[in-house]
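Structures follow.
What follows is chain A paired twice: with chain B in the first complex and chain C in the second.
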Partner chain A sequence: MAVLEARKQVAPSPTKTRVKTGVRRWLPTAADLFVLPYTLFLLAFGILPGVFALILSFANFSNGTPQYFAAGLQNYITTFHDFRFASAFANMFQFLLISVPFGVIGVTGIALLLHMRTGWFASAMRTIYFLPGAVAGPTSVLIFLFMLDPQVSPFRGLLTAMHMDQTIIVIQPSHLPLLFTLLGFFVGAGGWIVIFYGGLKGISTDVLEAAAIDGANAWQTALYIKLPMIRRYVIYLAILTFAGNIQIFTEPQLIGASFAYSGIGTISPTWSPNELGYYFAFNDGNFGAAAAISLLMVAIGLIGALAIIRATGFFRTDAAV
Partner chain B sequence: MTSTTTPAPTPLAAKTPWLTRLRRSRGAPALTGMGPITTLIRAALLLLLGIFFGLPLLWLLLAPTKTDVQLTQDFPLSIGSWAKIGSDWQNLLTFDDGVIIQWYVNSILYALATLVLALAVSLPAGYALATMKPKGRGLLLSLTLVAMLLPISALVLPLFLEINLVHLVNTPWSVILPTAFFPFGVFLAFIYYAVSLPKDLLAAGRIDGASEWQLFWHVGIPLARPLLGLLIFLNFTATWNNYFLPFVMLQDPSVYNLPVGLQALISGTPALHPALVGDVPIHRAELALAGVIIVLPVALVFLFSQRFVTSGALTGSFKE
Partner chain C sequence: MQRRSRVSVRHMAHAVVLLLSLFPVMMIALSACDSGPSASSNAPITVWVDADRMKAIQEYEAAHPGSAGKIHAVVVDRTQFPAKVLLENNINSGWPDVVFAEPDLVAQVSDAAHHFPLDLSPYVSADIQKNFAGLDACRFNGKLYCLRNDLAQYVLYYNAPLMQQFGYSVPTTWEQYEALGLQVAKEHPGYIIGEFADAYALDEYFWGGKCPLHQVTGDTLYTNLASPNCMRMASLLDTLIPTGVITTKAGYFDAGMTTLGHQNKILMLPGASWMGEYLFKGTLYPSSNHQLGVAAPLKWQADSQAYTGALGGAAWTISNHTKNVKLAVDFVTWVTTNPTYLGHEANFPAYLPTADIWHQSIASDPIFASDPYPVLKQAATELDPTYSYVRFDDRTIFGTSVVTPVITAGATVSSKLSAYQAQLVALAQSVGYQVTNTAP
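Up next, the complex of A and B:
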């Protein structure tokens, strides 16, 4: 508004023609002002950290203060050759391999199952699935530590039946990818189920009734009619699960920390790449190597997301709105 | 079902005839194509899942009422004594002179400040991207999509160094400012306005001499109520539960938020690892109470905002 008024005042000035073209080109319009704060935030907290990471990854931190561009590719070489690097990425990929299909199939399946018959039962169950979304980060880890402790867990019968009568046996390294998957599913599935359910409600009842009249049973309707119609949701879920799960940090870090004192040390403090980055930065003081890991994570996230977007044509219509 | 029973005077709902059709057809039994066996399998599966999702929360809620002995020996869903909660709380207060109250205040302040800032920044941006032609619109949209797909945690370490350069590490701003960057909110606002705000309405307003700012304030904001609910819900829960960023940024226990504080409780007390010898009276029940305290506000928000998540505000972003 202020800009519009300013322009009106500028217009009748003696240097009318010159100013006018100059103003058109350089003065921001109202639209520009609307997006300006966001643009600044995007620059400061989206782009700048990325650029900063790039610069740091070529800096040398060996004597405490950064010497920019002094390291060349040394940070990358250090990182790739570090003995913890391979295992951290192996852990992460193993976790992805289990958690992404589990999450996508689980959420889609539950939403379809719920939607077979709408009513109080489906609503009540959906709310129960949704509530753990309120729990995240350390609280979810805390709950999970209780659930996995055969001494106190309400699932203790199940745990004992599987011959796991001690927490150390439950939380052993080979179980971690599956356990983190279950934890992530416990916390995150409900929100997605509700979103999927909202999408399923958008399907015209005419279509569903036509299918039922044609003799399709509930499973067939779910698989061949409903599923294709919420395809976009499934893709979006897959992208976000992938992008979120490569960042795994809280779960291994907290579970590791809570066992550190008992001297068991089941979980390495560098279990995941993000933990390794944290370790490089705050335990070794090597911010260059930490930045190299950050960039690698960004790259993997981007490549994965872009690959899915390209392969599926997702966002093509959205971006053109 | 909440969203179908509440009257939805939004233009989006008005645009979607399925909603009205669904309402009209509610009286008649729908054809589900489910036989008795399917009905049974479905009910059994859904109930099992209900146990998976519901039991841990119920257990957590009851745990503070019980002593350590009761926790290990009684039936997992037994109720101890409600008075036990009071003594648990007293015990929690012994940790670092009751610093948990400070954490609570911090969490509320950080969440509110982030929310206000995030909305003030995201809403106008999404509105302008959808209804006007700001410079660099295509680039902004693309970068927003990329930023949405990359969780902020990917950049936590460089963010730390950046914030360190401007000497804001260990202050509330180190957490508030980066989390107020809310690309998902911009994207949702963009889609919402693009789909549900009639362009003619704005054009008519402009002819009547309204400034862009007035249009946004008098048309854009009032029409965005379902969107606002969803954005508030998403932003508040994300900030309240934020861990990695505050864990890295905040070093002094007096500026911790609740999740970082809980981490300090978990790793600094003998509750979960009896091998750690200490005289802090914090055991499983106390930790569980700390967990309940953190979860409760968000759980309440969740109970009341399920309809925002199912509402058209979000589904609009997935329209084929």
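Up next, the complex of A and C:
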């Protein structure tokens, strides 16, 4: 529980720190020290590689070694005109269209349902939801491989009932966005449900009792009292799901490669934009084009996050809400 | 709050500028590491192998005590080989000297960006080259970029007792195969004579038979799936797939194929040379009762001989960056040609004098109805010489554009070949081939 409380505090509810105006100090404060490790890591693994990618995106790799600033905009042109570019982005947007609403509604819904129940049942379910999240991403993909094979899947009854008696039918291209959504949800939802549950626990019982006295039933309490109070968590989840899901790579890459090994080819090795970037780099040796597509992904992620923040007033202070 | 964030942005900007200014220093430092290729008879060599091939190195060292300690073996996932070469090119060091890899990987590392393999023609005598089967796979623009380790030529497997029981004779042409397929569908439904349920159907049916999938001359890639040589196979498949004798339910390695094998429903199955020992034995057939017949690869009536495909078969390639060409060449030549190693290994050795010795290891295997070696050896020389190994993956797109719609939407193979052709052309162009549909 202590962990949950702590999580709640670092969760992005805007603090009401007083800004000391008019005082110019250069002494590091505790806050600066707390931010320092993050800043260093951000520099080392975020900003610096980003800048390096920017440099690479203008480099020419045609003879195997980088010739910096020799390519001009050629890598960007190569990327945009590539015959796999449109399909990779179409796949990604289909996946986003399904996975973001599914993730946000699913997690919020389950957390609210859990919070309606009290006692051992809720705690047991909370743990069960969390368990798949304890398995590392690639491992869970490998577990998923078995679930997708109607010959060995624990869900083979269900799959056969849906006339899917062959792996190739289960993982046919039109099913992929939904399958990757289910996989992502299976792995990622548990952690968020726990966080949301923690958030819901933080709602004062006074408020809930008042709602009950006013005649609100459980559903009304959930929708009109609890949901608005965890609104920021929901927005935060939406931003992170969006930012994470445009980067979809592991699922199509691992599932595709594993099945391709046994001859089942339904997932292109350039299914998603990130895979296309990887392909540019490590199959074609064109690190420049790979850098170009990576930067494009950064841009999309930033624009998406900014749009959500603007539309929802995410960083507005409590007073302004 | 706002002031604080502006300050940290300025801090960050300073740090970025500082780090940026370090880049040229790093570049210079890295380029200084390039000492250029030089030859030394004493330099150790690094060999990338898989776990199974460690034995090759041990046996070489046992046979050459003087080389002990000079061969540094590393087990590497060779699908990563082309990617690793690119990274090594970027830092201008770190290349392995010898790599065990399939010819398609060798093709991938032989373009300008990878610039990896050493031309072995000056080092390997014409006599030795002549004794190899399947060495065309190692020839790229007149250069010999690898020596074949083993071959995976396609043959026609059949169930000898079943064929006898049904009163069928083993087909020798694709026309007979098609006719027999229709007969099986009528007389013994449920039995299969082939599979079209995985992307290996490309190797099974389209690689042989002189269907021009891809033939490379210089930088030009000739491909023409509309050719009659491809369409005759598509039409055979479209005749047989709906009858179920060529199954779309189970690929070679699916659990469904094992079930069919255990139920004794596999009447015939075109398969690679290693499948007798490694797929039929133990997996498809739980016991060995001399039931597996091995027949020559099928030919088309109109063709003068059979042209067969392959599923697998590897090679050894040497880096042009190697510091010890002599040792690397000696190692690769010994491993591929000396019977000490390949004469007793798993797969069909590409060096035919060694294959003749390898013969003993399968001659009396109780899985086979009769000694399969003569058929395997003949098939090894019938690998389609017009098929070039290419720098892109032709198989996965066959899975996505042909096999998947055939299985999930009941499409015909003939109607999907043009979609496959389009993807193949786009992929070939993206890796730098000039594509033509006119035969060279």
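Quick note on the criterion: the second predicted complex is superposed on the first by the 272 of 321 C-alpha atoms of A that agree within 3 Å, B and C clash if a C-alpha of one lies under 4 Å from a C-alpha of the other, contacts with A are read in each partner's own complex, and residues count from 1 in each chain.
Here, a contact is a pair of C-beta atoms (placed from the backbone, for glycine too) under 8 Å apart; a residue touches a chain by one contact, two chains touch by 3 or more.
These numbers were taken from a predicted model, which means no experiment stands behind them.
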Look at A:T39 in the shared chain and tell me whether it touches chain B only, chain C only, both, or neither; answer first, second, both or neither.
-> both
For A:S268, select first, second, both or neither according to whether it touches chain B, chain C, the two together, or no partner.
-> second
Does the superposition put A:Q151 against chain B (first), chain C (second), both, or neither?
-> both
Residue contacts with chain A in the superposition, chain B compared against chain C = B
For A:N63, decide between first (touching chain B), second (touching chain C), both and neither.
-> second
Scan A:L48 for contacts with chain B and chain C and give back first, second, both or neither.
-> both
Kindly classify A:D284 by the partners it touches after superposition: chain B alone (first), chain C alone (second), both, or neither?
-> second
Could you say whether A:Q166 touches chain B, chain C, both of them, or neither, answering first, second, both or neither?
-> second
Both partners, chain B and chain C, contact chain A at residues 31, 35, 39, 47-48, 52, 151-152, 260, 262-263, 281, 287
Chain A-touching residues of chain B, taken from the complex the two chains share = 1, 3-4, 16, 18, 21-22, 25, 30-35, 38-39, 42-43, 45-47, 49-50, 52-60, 63, 71-72, 76-77, 120-122, 124-125, 127-130, 132-136, 140-147, 149-162, 177-178, 180-181, 183, 186, 190-191, 194-195, 211-214, 216, 237, 241-244, 248, 259-260, 262-263, 266-267, 272-276, 284, 287-288, 290-291, 294-295, 298-299, 301-303, 306, 309-311, 314-315, 317-318, 320
Chain B contact footprint on chain A (complex, rising order) | 1, 4, 28-32, 34-35, 37-39, 41-42, 44-50, 52-53, 56, 110, 113-114, 116-118, 121-123, 125-139, 141-147, 151-156, 186, 189-191, 194-195, 197-199, 201-206, 208-209, 211-213, 216-221, 229-230, 232-233, 236, 239-240, 243-244, 247, 249-250, 254, 257-263, 274, 277-278, 281, 287, 290-291, 293-294, 297-298, 301-302, 305, 315, 317-319, 321
Chain C partner contacts - residues on chain A that touch it in the complex = 17, 19, 21, 31, 35, 39, 43, 47-48, 51-52, 55, 61-66, 68, 82-84, 149, 151-152, 165-169, 172-173, 256, 260, 262-269, 281-287
Report the residues of chain C in contact with chain A in the complex, numbered from low to high.
-> 1-4, 8, 11-12, 15-16, 19-20, 23, 27, 82-83, 86, 89-90, 92, 108, 111-115, 197-201, 249, 251-256, 392-393, 395-400, 403-404, 407-408, 426, 430-431
